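Chain nomenclature is as follows: A, B, C and D, assigned in order of appearance, with residue numbering initiated at 1 for each chain independently.
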Amino acid sequence: MAMAEMWINMGPQHPFTHGLWTLKVKVDGETIVDAEPIIGYLHRGFEKLCENRNYPQIIPICDRLCYVASMSWDHVYVSAVENTFDIKVPPRGEYIRVIALEIQRIASHLIWLASFMTDIGNLTAFLYAMREREMFIDLLQALCGARMTYNYPRIGGVSQDMPKSFPQQCLKTVDFFEKRLKEYDYLIEESEVFRIRSQGVGYLRPSDAINLGITGPALRGSGVPVDLRKTDPYSAYPDFDFEMAVEKDCDVYARYRVRMNEMHESCNIIRQALKKIPPGPVLGKAPRHFPRGEGYARTEDPRGEAFFYIQADGTDRPYRVKIRSPIFVTVSAAPAILRGYKVADVPSIMGSLDMCLGESDR
Amino acid sequence: MADPTPTIVAPKGDKDYSYLVSPSTVQEQEIIASLKSKFPEVEVKLKQKGRLECVKFPREKLVEFCTYLRDSLDFEHVTCVAGNDLKRAWEVIYHISSYKHRCMIQIRTELPREDPSVDTISQLWGGADWHERETYDMYGITFNNHPKLERVLTPEGTDFFPFRKDFKLLDHWKIDWENKGKRPKPEPMVSTDTRFGDGNG
Amino acid sequence: MADVLTSKKKRVGLLGYAFKPMWISLRTLMRTSFAGGKPNTLLYPEEKIDLPDDFRGELGLVMDRCVGCESCARVCPNKCLDMMEDDIGDGTTKWMPALDLAQCMFCGLCVEACPSTALHMTNRYETATQDRNEKIFRPHEWALKPEDAPDQKPFPYPELYEINCTGCGACDRACPHEVIDMVSIPGTAKKRPNGTFGPEKKIPIFDYELCVSCALCVDACPFDALDMLPRSTTASDPAVQPQLQNVKVEQTKQEVSA
Amino acid sequence: MSLPSWEAWTCVWGSRIGDTLNYLYSIPHSIATAILSFLHINLPQLNYLLTWVIASIILLVVVMVNVIILIYVERKELGRFMDRRGPFVVGPAGFFQNFADAFKFLIKEMILPENADGLGFNSTLVIVVASSMLIMAVVPQAPDFYYTNTDLGLLLAFAIFAIEPFAVVIAGWASNNKYSLLGGFRSTAQMMSYEVPMLITVLSVVVLAGTFNFTQIVNYQASHVWFVVPLIIGFIVFLISIVAEIERIPFDTPDAEAELVHGWMTEYAGIKFALFQLTSYVRSFAGAAIMVLIFLGGWTGPILPPILWFYIKVYAVFTLFVWMRASLPRVRIDQVLNLGWRSLLPLSLVNMLIAAFLKIYGGVFHL
């Protein structure tokens, strides 16, 4: 027996949205019957902006695609340009990029953890995660001088070499952070309340996940072992020994564990990279004039598959830039995931998908 | 009476994807050969390792081609659908990737200037749905048989397609240095969004 | 499965109902409250974070060093730098950039582009105001004090990769200061099939005394034959220049062969 | 029309006349007597009424001061649990931050939403605030400091506790907001499912003590043993129930900010919102006080005066609430209800059995 159904507008000003978007849910009592996401509040015409700027000038606005994972977006743009014009990056530049990317991945996952924890009502874990994130932001600040919008990668390398004290500081931070990760296990994972909020909630079938185009930790949480760092390696990732985190439970809890394990693996990669880093220049020769051509790059963003497509017409500006944002696709799949759950599950399910509307709306 | 309340079923017994860990033994050349034998008029070439390319694709063949890609060649994932304004024509660029064979195919389809429409592939891959909506939103390229071809990023009721090349951006304003360095006042924006007719809350 | 990390699930147990998480928060309470511990937060207006030297804060201009080359205004993605004539303090005027800080996105591209170390990103980051118009600065209004100015770095000058140069003269046409002179190299003229000789190959010669390092020639060169490189010695010193050029050419040849 | 006789009042509210050992009677009585003799009025009914009014004001002030300290304690403790500082700018160690917040709420606009039901919207505020304050009227704080000491104190306290959900569901409906409506529903459902195990647990205490009177329950514990020892299951059930009753994390589903913006309070702004927040702390204080009285031996303790022991215990219990809030995530509403009906109700019945067993064979355990 269905009760009177009603539409609830969740957002754009709603504590669970983490950005500006609206989720219209049709509820039957407290059960979600249907949902409709509405995005576009942050649409800045990013691709058009890129068409009106020259190649180096696009890097700082790529930061603004998603300011909790700026480095990843800088990197995917820069590597798309490098793929398009066959620009070589010196090995030291690649290694520093990998270090920066992995630090950024940890920082981004910590932001995810923080916001996810507020979604399910644990403010303490939110503050702990933000506290740890601060250490990694400090590292990135030491690397490039900015805390959020880095503008660090350049076409052909990175803008500057890392400071002398950086490796030591980085190792110290990573070691300290792994201790703190154990604390999180106690605080969050081994708590029964967290288990009942996350287990059996937000099922995402693997076949659905692939068909709907969901990528990244959400896909790996459904038991599909796809991590572009492994399956379509780029940059210096083939040099490192790491594993991709995959869980088979397909629920919110699985996605949580995937991200926590990824943070461990990122720590591993940072250690290996600092050990193996070769000497040499960090910035290769980049042309000032770009020929015609087209190319693309795809990388494993903290949120999924990030993709940049560039068409160059021989001028100093790209003719067409297309950005594939993982969250844009994930939002479109929200109704399929949410159907059948309670209103109270909306924050935990959408939180487990790690929303970021800056990159989604572009 | 509305739909019955959906019930939640744990996804047990779904397809096991753990074989994706190790790459398949199928080479890109075999994929190309297979495509060539099935679609002789389509030109597929290998750009680099794991990167296939397919230019000047005939738009009538698209759904057939994509169905073959998905069902027979294990291209499970559509990475991106991008529109483009070539001025002489419209273009839709598909990037479809295969987790199994670890490769990606780029299909560029040109549409005539006067008829910007192409068949949808969102029935094949759900992930293409919003990309096609966005392409419609930004370029006005219509996708036949698309379940819900509406504006997605711009508000409903927008009467222009902002990424077309003939859509001119405003000039960058200049600071009025004579008048103590004031910036010009922006014109007030009027929202035309009508999506929130459903009361409050 | 190789390459796949699936760690074992932690057991919740009876303690997990409330005591494990409560133990962690209690430990934090102990650490922050007793034994001289203190919470992790900084009391912001009183305490401030330590910033690295290369922190990218508010922009500052060293007026003495500015050569008016407009590199910064050209490279700025937001067009927040606007060139204008302004007083430098002693009554004389100079062509310098004005700043609209409200448009600035602190990317630092202008600082990298500035050849004369006249632009500097300071450690100031508290830039909030009530009115956006307060953040529009004429050149002398955002000038740095001399003691805050960064160390001066050597000017970069255009260097020629001879192997790429076709002698088209685009750099000569782009140069605003008549630094570049196109000179023919004797003996490089190609013999045509009909026996006549074509024009001799030309290369640019730089008069570094006049150069302001604006990099317009580099931007103009269609074949990437020019690059801006810092030179510690006087660039016009004839004893140094040929050697440098030889090194460059060898490097380019190695790159090509590789 | 004449005022009702004293006896009519006292049959409900317990004996107050001649209760000279109660400071909350003797002090107001002497003030009232002084005022009336100064005005040369000799009306015993008026004296009684004035005493009552002054006693109410004193009680209100005592509760409010406690609540303000409570909020401060919560913010500070929560800060330390979360590795931050809590308030520290306004006043010594940030003590006056609450006043600053209250002042901020005072200067905000009081909004009545469009299409809201004005009467329901505003009357709810009165009902919620008044009923919550009223709980403290029947809860004695020391043998010589109580407002009333009626024989049905325990039952009356929970009866007043249960008024709020009605007001909440009215508030949710009258706000004309879907979040408020859902919040109101949730609040009512949660209250209903937690009243039952809580009252059964309370009943087990009553079975052991043989009375509904708070003072006698405390005296019984003083002469025998604190009820937390024999009725530990009941204590846990009561703790969970009271946290659900006063709607704190992990059971704050009616105003879960991540799901329903602020639940039934969403549309209330300014001082109305501040009063609701204050009320929730009054309810926390009352819940902690009742818990102390029926399980933790009330005001009994060595050396220190009873009123101090009472407050020490209340603040300790409140710290437990804060600690739980700092550590646990929020439980979903259907899980809250499941917990109430499927786990706590059987447990409370088991606890009742234990109490009955102890009552019959209590001599063995000196109970």
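The rule is short, and it goes like this: a residue touches a chain if its C-beta (ideal position, glycine included) is under 8 Å from a C-beta of that chain, and two chains touch if they have at least 3 such contacts.
Keep in mind that what you see is a predicted model, and the values were worked out from it rather than measured.
Counting C-beta pairs in contact, the pair that comes out ahead of the other among A-C and C-D is A-C. Taking the mean of each chain's C-alpha atoms, the chain whose centre lies closest to the overall C-alpha mean is A.
With each centre defined as the average position of its C-alpha atoms, the distance from subunit A to subunit C rounds to 28 Å. With centres set at the average Cα position, the gap from subunit C to subunit D is 64 Å.
With centres defined as mean CA coordinates, subunit D is found 46 Å away from subunit A. If you average the Cα atoms of subunit B and of subunit C, the two centres end up 37 Å apart. Residues of subunit D found to touch two or more other chains are 81-84, 178-179, 326-328. Multi-chain contact residues of subunit A (touching two or more other chains) are listed as 8, 124, 128, 131, 187-188, 191, 193, 225. For subunit C, the set of residues that touch two or more other chains comprises 1, 3-4, 18, 21, 24-25, 28, 40. The part of subunit C that touches subunit B in the complex is made up of residues 1-4, 79, 82, 84, 98, 100, 102, 132-133, 136-138. Every residue of subunit C that touches subunit D in the complex is listed here, in rising order: 18, 21-22, 24-26, 28-29, 31-33, 39-41, 43.
Looking at the complex, you find that subunit B touches subunit C at residues 18, 21-22, 172, 174-175, 177, 180-183.
Of all the residues in subunit C, the ones that touch subunit A in their complex are 1, 3-7, 9-13, 16-18, 20-21, 23-25, 28, 40, 51-52, 54-56, 75-77, 105-109, 112, 121, 218-219, 221-224, 227, 255. By the touch criterion stated above, subunit D contacts subunit A in their complex at residues 81-84, 178-179, 182, 249-250, 252-253, 256-261, 326-335.
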